[in-house]
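The same subunit A turns up in both complexes below, where it pairs with subunit B and then with subunit C.
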Partner chain A sequence: MDLFIESLREAVRLLLRGDRYVLEVVLLSLRVSGTAVLLGVALGLPVGIAVGLRQFRGRGLVIALIHTGFALPPVVVGLFVYMMLSRAGPAGQLEMLFTPAAMVVAQAVLAAPYVAGISLAAVQAVPGDIRLQASALGASPLLALWMHLREARLGIGAAVVAGFGAVISEVGAVMMVGGNIAGETRVMTTAIVLETRRGNFATAFAMGLILLALAFAVNAALTRAQQGRTLAAERRTW
Partner chain B sequence: MVTSPAPLLEAEGIVRRYGERTVLDVDHLVVERGEVLAIVGPNGAGKSTVFRILLLLERPDAGEIRLDGRVVRPGDARARGRLAGVFQRPALFTGTVRDNVAFGLRATGVGGAARTERVDAALDWLDLSALAGRPVHTLSGGEAQRVALARALVIEPQILLLDEPTSSLDVSVRRRFRQDLERVARQRAGSVVLVTHDALEAFGLADRIVVMDEGRIAQVATPDEIMLRPGTPFVAELTGAELLLQGTIEALDDGLAAVRISPDVVLWAAVRDARALTAGAAAVAAYRPEDIVLAAAAGAAATSAINRLAARVEAIVPVGALTRVRIRTADGIVLTALLTRRSVDALSISAGSAVTAHMKATALHAWARETHRL
Partner chain C sequence: MRFRPPDSFPGLRDRFRARLPILCAALIAFASCARADELILASTTSTVDSGLLDELIPAFADDHASTRVKVIGVGSGEAMALGRRGDADILLVHSPVDEAAFMAAGHGGRRLPVMSNDYVIAGPPDDPAGIRGAGTAALALARIAARDAPFVSRGDSSGTHRKEMALWAAAGPRPRGYTEVGQGMGEALTIASERGAYILSDRGTYLALSHNLRLEVLVEGDPLLENPYSVITVRGARHAAAADTFADWLVSPRAAELIRAFGIERFGEPLFHPSGSLR
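Then we have the complex of A and B:
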């Protein structure tokens, strides 16, 4: 038990002191995962909106595929991106392997299904007459679409947060395509693995605490969005 | 040559199919300037489809819509802001009452002081000024629907279209909404198209009524015309008439037909189109329960009614301020009369009493049987 208490105390000390190594790793994690989520939004949001709004043949299959993406094993995504970016791979000449860019690509692939799936549900939950009503008041098709998306904004926000939550805590993909190089591609999850192996529990603990805090923030935001949506649904009962 | 101006809105040859099923087949429908036109029919008559097509929200499979004589289609920028719709559900946008009322003006590019002024005026028309800053999710159903009406009227559309705007409201709120609609809509919108399943609502508000049945127009006429000369048995029934289905034409005479409805009973009825009927043809007759005058069997009613039937009272059922009296003739014909409670008391009748029912020929209508879906 002493090991836990001592490590926790040291971890807090590292955080309060603003330890350079810890700070560097945290900032790189946020940068990589943040950029990956932006890319995931660019890929996933249009898909979520399109599938959420339209009825077409095979829609059920597309939704099932998107939902399967929620369970994509990060190591499989890591393997796939590794092969794409390796020297012999189709994108080998980009020389991206073992750079933060490669990590961004792998995490974007992981984030996109979350963004698409959750925004799809949010867009679909908005009654269709919002868009018709906007058109019936003189709105252009684009403005009418915007009014529909505006009603889904809490859910779309939740989709982005869930995508971030999924990638900030994954270790398999970034380890494989980033290589966990100190000062270059080391992020919180890979650092925790390494520092634990080295016996530097306090450093690992410090990053673990930050990850836990982020996980808490993500879940709080999701819960808030969910509650908001419930309230909105209640409002629509009249 | 002087040509009359084109109608404000005209629908020509509109057909809408969902899969194999034709849900709408309207040859010609016109909305004139300044009129309130009601489109009435039961569920599934195609009312909401015609509403969406007239509002340019849905493309028909055939036919065209003309606004001021020019063909317009969904998404047509020329029509934008000239039509406005109010739906059954208010479909308010998240935000305040003021945000919602301002929407149509924002959408059509009206900004600045002009927008503020017009929004203030629209809020005032519908007594919503005090609610301007309220988030819409805090409104009651009636308030929300008034906001939806203000939001449509603020753009002062050439045509305001409403789809069952009162059906989600409770009775007292419904009355208030109808009053608001009557008071404001005629002043602020060029013409009004009201889609409703409630014939009484249509009769109270409309200048002309379009009755729809299974996707087709059954009759277009003024409320009086529809009530006094229903075009088909369906129209008569929709407006509260009772049908007598098993009739045979005995004779035709000057716009009247003698219809045998049982071996012992022949009733004289008005016919709309005598050419469509021949002696011996199967017929359907309709009467309005309030047009039956009952007299105690021995007494004579103060009426010149040509039709007279001896019957017995089968049941007396109070319905609000009125009473439905069901009577049965000796050979089993059942009719329903609608009387005031005072009349029932004056007659001192009860179940089993012998009565005579009187009906004017003009209060009865007859059609060839094939005009009615059995």
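Then we have the complex of A and C:
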């Protein structure tokens, strides 16, 4: 119990002091996972929209495959990206192994199924006649699609947040392809592993607290947007 | 669903168009992450976890501003695998038999002795197998086996794991409570502490974690428990010249001085002894 209280106290002290090491690691985590999610959106959102809007043969199988992607183990994705980027692998010439770019690639692969799967459900939940109506009022097909997506935007926001939550908290892939290099590829999760191994439980715990606080902030912002919109819709009804 | 009069479309269209470039710009931003031309050092976890390299690397950077050293902390087995695949330029490892095999297979360029420390056999303070003062590692392990006491093994092909297997080969059969955890030294020590098990550890990691452990050093000083570290340059490495520079620096008097001084302030004793000082 002493260990726990002491670690907690030291963690709060580190946070209040704005420890530079902790700050650097947090910023790199945000940069890597943020970029990865953007890339995951670029990969996953078009798939989610296309599958969400269209009916075609084998659609159920595609959706099942996307949902299987939720269960992709980060270490397996890490191993795959490692083998691709290794000097002995097919993309070794890029010299990307053990750089933040390699971590971004691995995390984008992990984020894409979340973005695709959840945005798919959001797009599908919007009544299809909104596009009919917009077209009838003179909108081009692209603009009609944009209006449909606008209606699904909170669900799509949830998809992005879910993807972010999945990658900012994973350790297997970034450890393998990033190498946990101090000041270069050390992010919150790999720092937690290292500091725990070093016996610096307080530093590890401080990182864990920041990770949780970030996850909370992102989710709180989304919830606020969702709830605010529901309330506004109710007011309009009256 | 809200009704929108047609005249609101142009505004929407403008917003749609305005946001596209922002998205594109953000996607391109990630490309700036990639970097090249840096020396990759695959180093055993003990040198990373103890903080030794946090002292050595900045000092090397002072002497050689043009070379950046990036450290990957892995077990000796994995470090040599990284070297074989050409993913690391230089290795700092402690697994003499595997190192010799690595050199014999033609993967290494040069192999130089850097430093050494020692292994200890640690265990629960009440020492149920009675190994305290056993004198030799072989006798201690034989007593642990005779009592079928729990023993935690790294089980990860690291230098420490290799050493442990060699010691068991000399000591005889393993106890029933023998567990392979497949993790780093710190994790293995923590597991041994929680389970009241015996363990072979390098002294540095044990000392760094001892304030969180219910383990005591029970056997030490056996010549078989010596733990030499070597630096190996990888043949055909991407940054071979820089690797040579770093290897030479690592065995220089300046590095030796830093290695000798490391840990005295925190632990009251040095964790590593530079090889030059033994000669």
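To be clear about the criterion, the second predicted complex is superposed on the first by the 217 of 238 C-alpha atoms of A that agree within 3 Å, B and C clash if a C-alpha of one lies under 4 Å from a C-alpha of the other, contacts with A are read in each partner's own complex, and residues count from 1 in each chain.
Throughout what follows, a contact is a pair of C-beta atoms (placed from the backbone, for glycine too) under 8 Å apart; a residue touches a chain by one contact, two chains touch by 3 or more.
Keep in mind it's a predicted model, so treat the numbers as computed, not measured.
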Touched partner set for A:Leu137, first subunit B, second subunit C, both or neither: both
Partner chain in contact with A:Pro127 - subunit B first, subunit C second, else both or neither: both
Touching partner for A:Leu97 - first (subunit B), second (subunit C), both, neither: second
Contacts of A:Tyr114 with subunit B and subunit C, given as first, second, both or neither: neither
Between subunit B and subunit C, more extensive residue contact with subunit A: C
Touched partner set for A:Ser86, first subunit B, second subunit C, both or neither: second
Which of subunit B and subunit C A:Phe205 touches, first, second, both or neither: neither
Which of subunit B and subunit C A:Ala182 touches, first, second, both or neither: second
Set intersection of subunit A contacts, subunit C complex versus subunit B complex: 127, 130, 134, 137-139, 143, 147, 150-151, 236
Contacting residues of subunit B [partner subunit A, same complex]: 52, 55-57, 75, 77, 80-81, 83-85, 87, 89-91, 93-94, 103-104, 107-108, 136-137, 140-141, 144, 151-152, 155, 161, 168
Subunit A - residues contacting subunit C, complex: 3, 31-32, 35, 38-39, 42, 86-88, 92, 94-101, 104, 127, 130, 134, 137-139, 143, 146-147, 150-151, 179-182, 184, 194, 196-199, 201, 236
Of subunit C, residues touching subunit A in the complex: 1-2, 4, 6, 9, 12-13, 16, 23, 26-27, 29-31, 33-36, 40, 45, 48-51, 54, 70-73, 85-87, 184-187, 208-209, 211-212, 238
Residue ranges of subunit A in contact with subunit B within the complex: 127, 129-130, 132-141, 143, 147, 150-151, 231-232, 235-236, 238
